[in-house]
Amino acid sequence: MVEQSLYPNYPQDLEMVITASQVDFFYGATQALFDISLLIPAKHVTALIGPSGCGKSTFLRCLNRMNDTIPHSRVEGEISINQKDIYTPDTDVVELRKEVGMVFQKSNPFPKSIFDNVAYGPRIHGEKDPRRLAEIVEQSLQQAAIWDEVKDRLHANAMGLSGGQQQRLCIARALAVGPKILLMDEPASALDPKSTMRIEDLIGELRTNYTIVIVTHNMQQAARVSDYTAFFYEGRLIECDATPKIFTNPRQKQTEDYITGRFG
Amino acid sequence: MSRSRKQHITDKAMRLLLVGAASASVLIVCLIFLFLFKEAGPFALKPGLGKLMDSQWIPVSFQEEHFGVGPLLSGSALVTALAMLVTVPISVLVAIYIAEIARPGEREFLKPFIEILASIPSVVLGFFGLLVVAPIVKTFFGLSTGLTALTGALLLSLMAIPTIISLSEDALVSVPYALKNASLALGASHLQTIFRVTLPAALPGIVAAVMLGIGRVIGETMAVLMVTGNSAILTASPLASVRTMTATIAAEMGEVPFGSVHYQALFWIGIILLVITFFLNIIAQRVLKKYGMMK
Amino acid sequence: MKTKTNNTADTLILLALRLITYAIVLVIGYILFDIVKNGASALNWQFVSSFPRRSGAAGGIFPAIVGTLYLVVGTIAVSLPLGIGGAIYLAEYADQGRFNTTIRLAIVTLAGVPSIVFGLFGLGIFVLFCGFGPSILAGSLTLACMVLPTIIVASEESLRAVPKGFRDASLALGATKWEMIRTNILPYSLSGMITGSILGIGRAAGETAPILLTVAAFFLPRLPKSIFDQVMALPYHLYILATQHPEADRIRPMQYGTALILLLLVLGLSLGAILIRTHFRKKFRW
């Protein structure tokens, strides 16, 4: 599966769940991504790093087709998840997004109760049984390591939680739909150091069951939480490798300049 | 999978429904033009559009009817011009006061209070004009009647003031702070900054506000119907009694046989009004767009 | 020395600006005072609850109140769904295409059409072409066309106030666009849309010109039985009493009373809407 020439430091038996090949992305006439080819391994954490505006978030949002909501945007090339092209006309975006959950930079709980926030996804997908819903909610909150903090106030408004709690709630909400892949768009950039640490610990726990793709412009964070790292620069993928390799001995000069803080 | 299918069908259906709702405005605009022309149409064949150029409006007569819209057009123009003469300076000055000078608490009071004026029904203002403003005009100028173009203009001015104040204030507030600060930093006083920097920068927005105000004033019916005296004569005197286009439609439509020549002539007046306000609107939007003041 | 003169001039100009502003406030205050003072003395229970007699020279204005309320309800029933639906489309679906530009142009145009022209339009299409005759139905439809732009603008503003994050989160969880709107946009914007719309409809309740040609009856001392009936309406009734009535000079209290009731109705609707809006703004904070 893994092309050794491109990914010399990936274990050969690594299962790849997302395959992007020659992806271009356009906002109207402006091209934001150029010829991105990238493999993302299952049940590992892949970090996308690079200076702001490098296209890492845009690429992330291509993976669950959130970019569809931007008028006049266009994707070329192929992105497959589990060998299935997700940009064919008959792709069911609803099904895709059930498979591929997303956590945003700014925590965005709905102004509903904690319970209703987590139950939102399952309800939309047709789950009506209150017992089953309660189960899903508890399970998801536990997975997101926030259950103990909120179990006594499930029916309180989620807006009353602290920033870090809100973000973990959003993770629980994404998990409740039962995705296999979790996309995280700078999930800790708006949080204090302590909350950031909790999110990073959580990512460490989730990686055993989920494929995680995380965008971050905090290089220490990428080094701490990820197994593989892809470096983006000006809309192009410069280099992708095992995280320790990227941070100690990158192949490309641009990567090295960025890692050592010469720009970005 | 079947659940998801149902979701998609509902989604498509709702989208269609909403597109329909959104198209309603377009449809209504088209229908307005269509039906106005449909009702007015036959007039163009008989007696012919030339009749609208007549110098007199005498729609009911034992000899020959006259359907000249000139006197009505001039009535509307006179009243509108007078109204704007009163309204524009007052509104701009008040807008400056509210946007740049008033304390925040004062602003919180002034803005909604002036808004109240906009929600007073025009027939109530007309009634007030009839009983209060007209007698004042009559005594002040020593006239035999207070029902004059000026009286109408004063009332229209009351109606246009809140609109123009509010839009001008928006324009003034949207002038970037950096610009004001630059002027203040150069040693200009607060007022110098307002009149030499802020006001010129907000001018396009104010011009657009005035255009929209003119559109509103030309189209206003009840107040002018009640206080301008309604004689269809060609005059430029503010103290003469005049008849506007809107008042003519309102006063005469109730008494004409449907489909008659007179009826069609009234629809032509409607078309003229529609076209005037349409272009005023378009120009105002252009101005706002050109100077990036579109909300 | 120069700064000194400057300061005096500045003070004078400031004073002048303040004077003009408060002169306007005073005029508005006087209008309200005049209507309220003279109207209040004419008001009593019998005036609002009984039928008019002698062509409105005596008795009450009950049918005109009822007629206006019917028109308001009819206008809301037609314009609210249409306006809110259109606003949802513009805020949530439309991109910068030609269709969108056309709709926005239409809304701006519609907002500028004089009310009497709406009257002519209503007469041509609803009264004559559709054959509804002068009726509540024709009047409500005409008024609905008139308030549509106000409702769309108010509703769109309310929709745009809902944070983008709610939309993203909802879609990312696999909601279809409509599910997202229904579950995560409308619950937070509906109150704003409705109150914004009521402000517009309140103004329509005071309009005379559009109903003049499509619904209003000069003197009809009974209540309507169906939407195809004509009704009396407050604004038209005031117009008639003040200018067309043979005894116009002798029935001033009747006129003032009608003006006050109309004013209270319109301002009451606006005030109510504003209060509800403040209430909901406090309830939903993000």
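Each chain gets a letter, A, B and C, in the order it is written, and its residues are counted from 1.
Operating definition for what follows: contacts are C-beta pairs under 8 Å (C-beta built on N, C-alpha and C of every residue); 3 or more make two chains touch, one makes a residue touch a chain.
Everything numeric in this text was worked out from a predicted model, so none of it was measured.
**Student:** Using the contact definition given at the top, which chains are in touch with both chain B and chain C?
**Tutor:** Chains touching both chain B and chain C: A.
**Student:** Could you compare the number of C-beta pairs in contact for A-C with that for A-B and name the larger?
**Tutor:** Result of the comparison of A-C and A-B: A-C.
**Student:** Quick one: which chain's Cα centre is the longest way from chain A's?
**Tutor:** Chain centre farthest from chain A's centre: B.
**Student:** Select the chain whose centre, defined as the mean of its C-alpha atoms, is least distant from the mean of all protein C-alpha atoms.
**Tutor:** Per-chain C-alpha centroids ranked by distance to the global centroid put C first.
**Student:** Need the CA-centroid distance for the pair chain B / chain C, whole Å please.
**Tutor:** 16
**Student:** Which whole number of Å gives the spacing of the CA centres of chain A and chain C?
**Tutor:** About 49 Å separates the centre of chain A from that of chain C.
**Student:** Taking each chain's centre as the mean position of its Cα atoms, how many Å separate chain A from chain B?
**Tutor:** From the centre of chain A to the centre of chain B is 54 Å.
**Student:** Mark out which residues of chain B touch at least two other chains, giving numbers and ranges.
**Tutor:** In chain B, the residues touching two or more other chains are 7-8.
**Student:** Give me the residues of chain A that touch two or more other chains.
**Tutor:** Counting only residues that touch two or more other chains, chain A contributes 94-95, 125.
**Student:** On chain C, where are the residues touching two or more other chains?
**Tutor:** Residues 176, 179 of chain C touch two or more partner chains.
**Student:** Considering the complex alone, what residue numbers of chain C touch chain B?
**Tutor:** 6-7, 10, 13-14, 16-18, 20-21, 24-25, 27-28, 31-32, 34-35, 81-86, 88-90, 92-94, 102-103, 106-121, 123-125, 128-129, 145, 148-149, 152, 176-179, 181, 199, 202-203, 205-209, 212-213, 235-236, 238-239, 242-243, 252, 255, 259, 262-263, 266-267, 270, 274
**Student:** What part of chain A is in contact with chain B in the complex they form?
**Tutor:** Touching chain B from chain A are residues 92, 94-95, 125-126.
**Student:** In the complex, go through chain B and note every residue touching chain A.
**Tutor:** Within the complex, chain B touches chain A at residues 3-4, 7-8.
**Student:** Quick check on the complex: what are the chain C residues that touch chain A?
**Tutor:** Chain C residues touching chain A: 95-96, 163, 165-176, 179, 183-184, 188, 284-286.
**Student:** Along chain A, where are the residues that touch chain C in the complex?
**Tutor:** 64, 66, 69, 71-72, 94-98, 101-102, 104, 106, 108-111, 120-121, 124-125, 159, 170, 173-174, 177
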